[in-house]
Amino acid sequence: MLNDDWKEQCGVVGVHGHSEAANLVYLGLYALQHRGQESAGIVASDGNHLVSHRGLGLVADVFDEAIIRRLQGHAAIGHNRYSTSGATLLKNAQPLAVESAEGGVAVAHNGNITNAIQLRRELESIGSIFQSTTDTEVILHLMARAADKVTIGRVVTALKQVQGAYALVFLTEKEMIAARDPHGFRPLVLGSMGQTAIVASETCAFDLIGATYEREIEPGEILLINKGGCQSIHPLPRVTPASCVFEYIYFSRPDSCVYGRNVYLVRRAMGRQLAAEQPAHADLVVPVPDSGVPAALGYAEESKLPFEFGLIRNHYVGRTFIEPEQRIRDFGVKIKLNPQRHILTGKRVAVVDDSIVRGTTCRKLIKMIRDAGAKEVHMRISSPPIIGSCFYGVDTPIRDKLIASNHDVPGIREIIGADSLGYLSLEGLRAVIGENTGASELCAAYFTRRYAVPTTGESNRDGHYKVIDTD
Amino acid sequence: MLNDDWKEQCGVVGVHGHSEAANLVYLGLYALQHRGQESAGIVASDGNHLVSHRGLGLVADVFDEAIIRRLQGHAAIGHNRYSTSGATLLKNAQPLAVESAEGGVAVAHNGNITNAIQLRRELESIGSIFQSTTDTEVILHLMARAADKVTIGRVVTALKQVQGAYALVFLTEKEMIAARDPHGFRPLVLGSMGQTAIVASETCAFDLIGATYEREIEPGEILLINKGGCQSIHPLPRVTPASCVFEYIYFSRPDSCVYGRNVYLVRRAMGRQLAAEQPAHADLVVPVPDSGVPAALGYAEESKLPFEFGLIRNHYVGRTFIEPEQRIRDFGVKIKLNPQRHILTGKRVAVVDDSIVRGTTCRKLIKMIRDAGAKEVHMRISSPPIIGSCFYGVDTPIRDKLIASNHDVPGIREIIGADSLGYLSLEGLRAVIGENTGASELCAAYFTRRYAVPTTGESNRDGHYKVIDTD
Amino acid sequence: MLNDDWKEQCGVVGVHGHSEAANLVYLGLYALQHRGQESAGIVASDGNHLVSHRGLGLVADVFDEAIIRRLQGHAAIGHNRYSTSGATLLKNAQPLAVESAEGGVAVAHNGNITNAIQLRRELESIGSIFQSTTDTEVILHLMARAADKVTIGRVVTALKQVQGAYALVFLTEKEMIAARDPHGFRPLVLGSMGQTAIVASETCAFDLIGATYEREIEPGEILLINKGGCQSIHPLPRVTPASCVFEYIYFSRPDSCVYGRNVYLVRRAMGRQLAAEQPAHADLVVPVPDSGVPAALGYAEESKLPFEFGLIRNHYVGRTFIEPEQRIRDFGVKIKLNPQRHILTGKRVAVVDDSIVRGTTCRKLIKMIRDAGAKEVHMRISSPPIIGSCFYGVDTPIRDKLIASNHDVPGIREIIGADSLGYLSLEGLRAVIGENTGASELCAAYFTRRYAVPTTGESNRDGHYKVIDTD
Amino acid sequence: MLNDDWKEQCGVVGVHGHSEAANLVYLGLYALQHRGQESAGIVASDGNHLVSHRGLGLVADVFDEAIIRRLQGHAAIGHNRYSTSGATLLKNAQPLAVESAEGGVAVAHNGNITNAIQLRRELESIGSIFQSTTDTEVILHLMARAADKVTIGRVVTALKQVQGAYALVFLTEKEMIAARDPHGFRPLVLGSMGQTAIVASETCAFDLIGATYEREIEPGEILLINKGGCQSIHPLPRVTPASCVFEYIYFSRPDSCVYGRNVYLVRRAMGRQLAAEQPAHADLVVPVPDSGVPAALGYAEESKLPFEFGLIRNHYVGRTFIEPEQRIRDFGVKIKLNPQRHILTGKRVAVVDDSIVRGTTCRKLIKMIRDAGAKEVHMRISSPPIIGSCFYGVDTPIRDKLIASNHDVPGIREIIGADSLGYLSLEGLRAVIGENTGASELCAAYFTRRYAVPTTGESNRDGHYKVIDTD
């Protein structure tokens, strides 16, 4: 999928018990850069103070050696953020760090608190003042108002009041706390390196720093990590897990291990299953790079068709391009992908992508492939049709804009202009993933509109807010 | 006085009832740039939202046309800030703007809340979270927790709890509120331009935008300005006024009218009084530019001595200089002032400055004047010896570092290396100012250590805080 | 090949006869970004003046809409530059634009003038002053001193004096001239779009702007493009062509058509040939992304072994990383590539890369693959051993640093720590390329040390120069 | 004079024989910042190489410690440049540094070569290529083409061909050369500090670094400074000196010693002479700060009228201001000067300025003073009416725009709206300056249109050039 349609979400990292904790967090954020490119931040603790640095942009741009050196201490947490453009503000960058009666506390959050607006209103009505427009800040206010003496108690009290999706890492002067919501919507894993404990959104962060993957942090689990070691509690009511299936389909890096399985291998298996369900009368299989590559490899393998890179990606693509006034055909797609005429001409091509969101990009892509000489284009999608928006931390278009929400497969095929169109079935998806995970544990609301947590319909977008910063 | 020793404080501006309110505030901040160069900010209201922009640096660097255009609306407030280097952070830049149950509220503050640390601790203990390390934020939290329905009520409730010095301008979606503490420590004036109401720290802000000076906002007065007009209340207990005398001596621009009198003329009169009290056997009178110029003119006039610019100021002086390793004699002073050998050689020189703080700079200056050929140097200071620190919004050295706190006049003379040293007497100062203001209304704690408001001795400096930002 | 060892060279683009020439050149540079990331520049002609903009960094950073708008005119040329760090100076950025008696002239150059130092000395001895440390400037001085009346004549006179490698695009107020050295060392292609003529280093630049590929500009050909059309001359003595074979192996984008053949397909065929020559007892074939991917696909196809992405590339890799003081194992390689334990564990892996330069990176890579669980690592290289440096425009390490210059294949195998090592034979390479190009036309001095043009041994590096800029 | 009308020119510094030469040059440029604010540069020599750094902006912005550290060596030259906006390009920043057959040579120039365009055309016609649009580069080309073996010989050969105004400092690996044109149009002084030789445009540069003023470099003198000491030659034909009188009136810093006399004292004497020639029926004397201050002091002294700062300057004025759409009266003047109502009201004011150029600013100023309550405004100018442009290195408006070129004094008085207007007479000016300098030695073409060097009427402005850079 070309990321015009869909934006990434967030990545979190935490390191406890290492003399260069902030540097390790920085590298972890580097490995998780694909989860958010709008801002990056690290808060470190030297046992007495929290020192914070956040900035807009990529990890490599936000930090330099001098800054990392200032972020001294044995523990640190970090965050990569994606956000809609209106709210790309430094004050919304994470980790958020505040002072309360108990000392400093910082938090990094991946997810979405579905009752944040309502909680914010209640908190404001009893005198709380908000500094950001993030849902995450609600958690800090609930903690500040909790009666509990210790931080872990305040965290539990706060989390008992919030609903929705969260993979959280907290840092205080002395402790690091990791928490995952009871449904386990968003991923969070635990690793180690000698006496050092590490938590991260994905295991690829462990690989870079040479840490060992221990296990997933369980849905509903809260983990307290301090000098005394690592203590796990499950204070929240147990519910059926509903981890986001889209981590397998698109979000996670292929080299990560998510919900216990290697993402690349899952995607490859999806491709094989797709080939079994939706074969194509084609001469070759072409992936939409990069996210469609593993599924295309599986599709080619299962269908015994040759695999070719018929679309070449430009790796230097930035955010903006200056297009001539005399518009160039399919400019937006072409700047990212170049179809290979030598490979495509006269061929019946099975094009494999991971998903279709709005359909606009897909339509342009197919046209471009045809213009490059393909005789037939058979679109194959390694996930089911997307009919529902996500309310748990991913910035999806509203339901109305989802092509599969308004059209059946033949209708979509016509709109995108493919000779044939085949989606992986939900059953097929479950079968592939369920081999050792259990499909019932995954949230597939994208494909079913069955949401594990009721949503108010109120978005956390900026429109609600009275103060607009342009700092 | 060369501003090595003493830093400026803050400047505030507010404009209500003008279609280009933010642009006028921007110009007002320009005129008040001498009151703070570390950060600048403006918050504007279009009737529905507050839009904020703040940045580190000078007004001319923080704002451009595009930003001013985004700060739309009929009302706006602005702030120039000085701060100690450790806390020169965007999050401490003002105006602070937050959201509460009643909507948005922004505030710009010149002064110092002497019980801020204590109030902050109390607020934190009941669940408030602080986003800045400024004392100003305490006021916003007190307002957020006030039971009053309307903003003016919340302001009154908050101000009843705080002690110390404040010239404040608040902005909500619909209203602008100006307030001055009961002692009137810091200046705040009211101007008008047709239907537009303007408040500012000094009248020079009115001159630039062509507004008319109406009157001082009175000590203890709170002014509510909205569509309905301008309403004045005095809800706080009346106390003896204690406006800062140093506005006359050093802080204010000479072309401003402070506490009802033109600063330049007051300084000139101080110089005349100084000459009467402390005549010098000198050949010429030389000012320490720029702040010593008006007093030196007065001194020359009264003493019938020729006035000469024997020290020439370099107007391009920035913040840092790269000094060779082979140190240059008196480098720090020389970079700012160049003594004129042609004028000074063989002369007995009366050097007039507004004050001596630590004495270090004064000692270097005198040495430099001697090196330029002066036969005798007679130092004359147009204010009394400074023996007390300020706790009302000016960043003064602690008492221990004040040369006059530890030495009598002959002792100081010896340390700074002058042939003679004469200060203006406190009585003389009162006489000059008191002609139509009443010296009893001014705070002269610098010279007397008699503080109008008790101070806890606890500073608001960053040392207290648990979270250190380097964003 | 990971680009630690080898740097890209340069890319050139020229557009004539289009009202938005500069914008098209900008897009062409975008497509050629892989050929140079240190600086970018465009010079446009409006018929009367040349307007130039150059900057350090990527195309997307150097240009914005306002700049493109200022680069008005019907013709424009552009350049992406790679350079050694010492000379990454704005003054060395291209296109170089100067004024001479005949008007303005600008030039963009890919290649290396082997007798530049000698020519420069001669020119200096008769009074020429140099503004850059590039070899390219020599051409402009030779033109300025030529007796010819018209620009094309001056170009011919100049090129008759220079030796070495060049793909050049000149721009004057009225004309665009493209030239390729008689050996055709560096690629240069001609495209069209209606009445618009386009030249570029690679065809991928045509694809993005929707132009049609016409043909290669021939070795020794000079092309004059103006209002009257396009005129071709061959004024230089004919020699045996010696186009750079490494364009096929590494430099060019896979979707480009170089010397008449699609690069991706050539690389794939190299992989097949490699498998035929150097089979491996392996369980799977793993490419070193991205440059090794096409050859690995061919290798897998021919050897009937499964193809797997066992090394995942981090696409957000920037220039610098902050490594902890407690060094991380194989950090430099890991930051770019993550080995997939799930895929590699217990496997005999055939790793396919395009070349080995110094061997250092390859050694780390193999170690990393073993640490990820591979049982055996069989290194397969889709080109012959590199034993000679390039003197024709590519910044290669000196011969002494080339591992294959000092070691035979068994020796290299031992140093890099592979279980087996196989290179493609020179004959095999010729066979693959020669199918319809003729291997005799390609320069293979990398593999043979047989140079088509004698080299002085004098490098054009900065060491020669007397003036060092840090602007 | 407010510098809307008239821009500064350039400042040069050279230091030879000091281990921290570049740092001293940096400080010298600091002291000469008033002579040019558009760009700054330093070239240093370590005996083997010239290292250069130049940048757009103020000295304090262009250099930092790391840069100064890189500019190592025993000798260095520097330059502050003013330029018209179109040509504010890095490539035009000085010192220019080039390589020639003899090694590196750099040059810093204050002045204007009046036959530069003609020389440039000749040089281009024989094959020279120009890198900048400055007249200064012509000198380097003439040197490069000179037959002489040693640098000093090349300098002499070059200077024999150029006409016009120049104060030059050259630097090679081993030598520093200073030269002043035969008329001595622009100032250049020699100082020392132990074994260190220093040249600079004004003596204020010596004061800051603690050097001793030795003497003026004489008109037509060329000074060769190297390890062997300092050698003076006079190879150019002797002509009547014509040093720029405007250095006394406006350009130089008041604390500088120009052509042997202290500027401040000269200006003061001009004020006294002005009072004698043009008395005013006034209540007080008010200077236009800062350049009018010394003359106003002299005027007040001679006329026995009180001196008052009736106009207060805003010291934070930058380059641009955002003015509201509802224009503010006299905005442009007000942003720089604030008239003091308390001082001016009801008074007959003698306003003293150094000159009137176009008259526009003066008219606004007088209106503003009247609006502030002045009863009468008597304008007094401490120099004669300006009727001619400068062709020797100062960017003056063309003759047509000079108010005194088109109007007599009564006409000017009416246009600017003064109650009376009095200029210093040319005889008075000569009398004041001539006391020990000899007025015949000064160029007064501004006031007489009698030019010491014939001018072609061709300007060196950018319009001539074919290549326009926007780097």
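Going by the order they are written in, the chains are A, B, C and D; count residues from 1 in each one.
Just so it is clear, a residue touches a chain if its C-beta (ideal position, glycine included) is under 8 Å from a C-beta of that chain, and two chains touch if they have at least 3 such contacts.
For each chain, UniProt lists the protein as follows: A, B, C, D = Amidophosphoribosyltransferase.
Given the structure is predicted, the values throughout are model-derived calculations rather than measurements.
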Fewest hops from chain A to chain C - one hop per pair of touching chains: 1
Interchain centroid distance [CA atoms averaged], chain B/chain D, Å: 36
Distance from chain B to chain A - Cα centre to Cα centre, in angstrom: 49
Geometric centre distance via CA averages, chain D-chain A, whole Å: 61
Residues of chain B engaged with two or more neighbouring chains: none
Which pairs of chains touch, using the document's own definition: A-B, A-C, B-D, C-D
Residues of chain B touching chain D in the complex: 19-20, 23-24, 26-27, 30-31, 33-34, 37, 58-61, 63-65, 68, 204, 207-210, 253-255, 257, 262, 264-265, 290, 293-294, 297, 301, 306-309, 312, 314-316, 318-326, 328-329, 334-335, 338-340, 342-343
Of chain D, residues touching chain C in the complex: 43, 49-55, 67, 70, 90-91, 93, 97-101, 103-104, 106, 121, 124-131, 140-141, 144-146, 173, 465-471
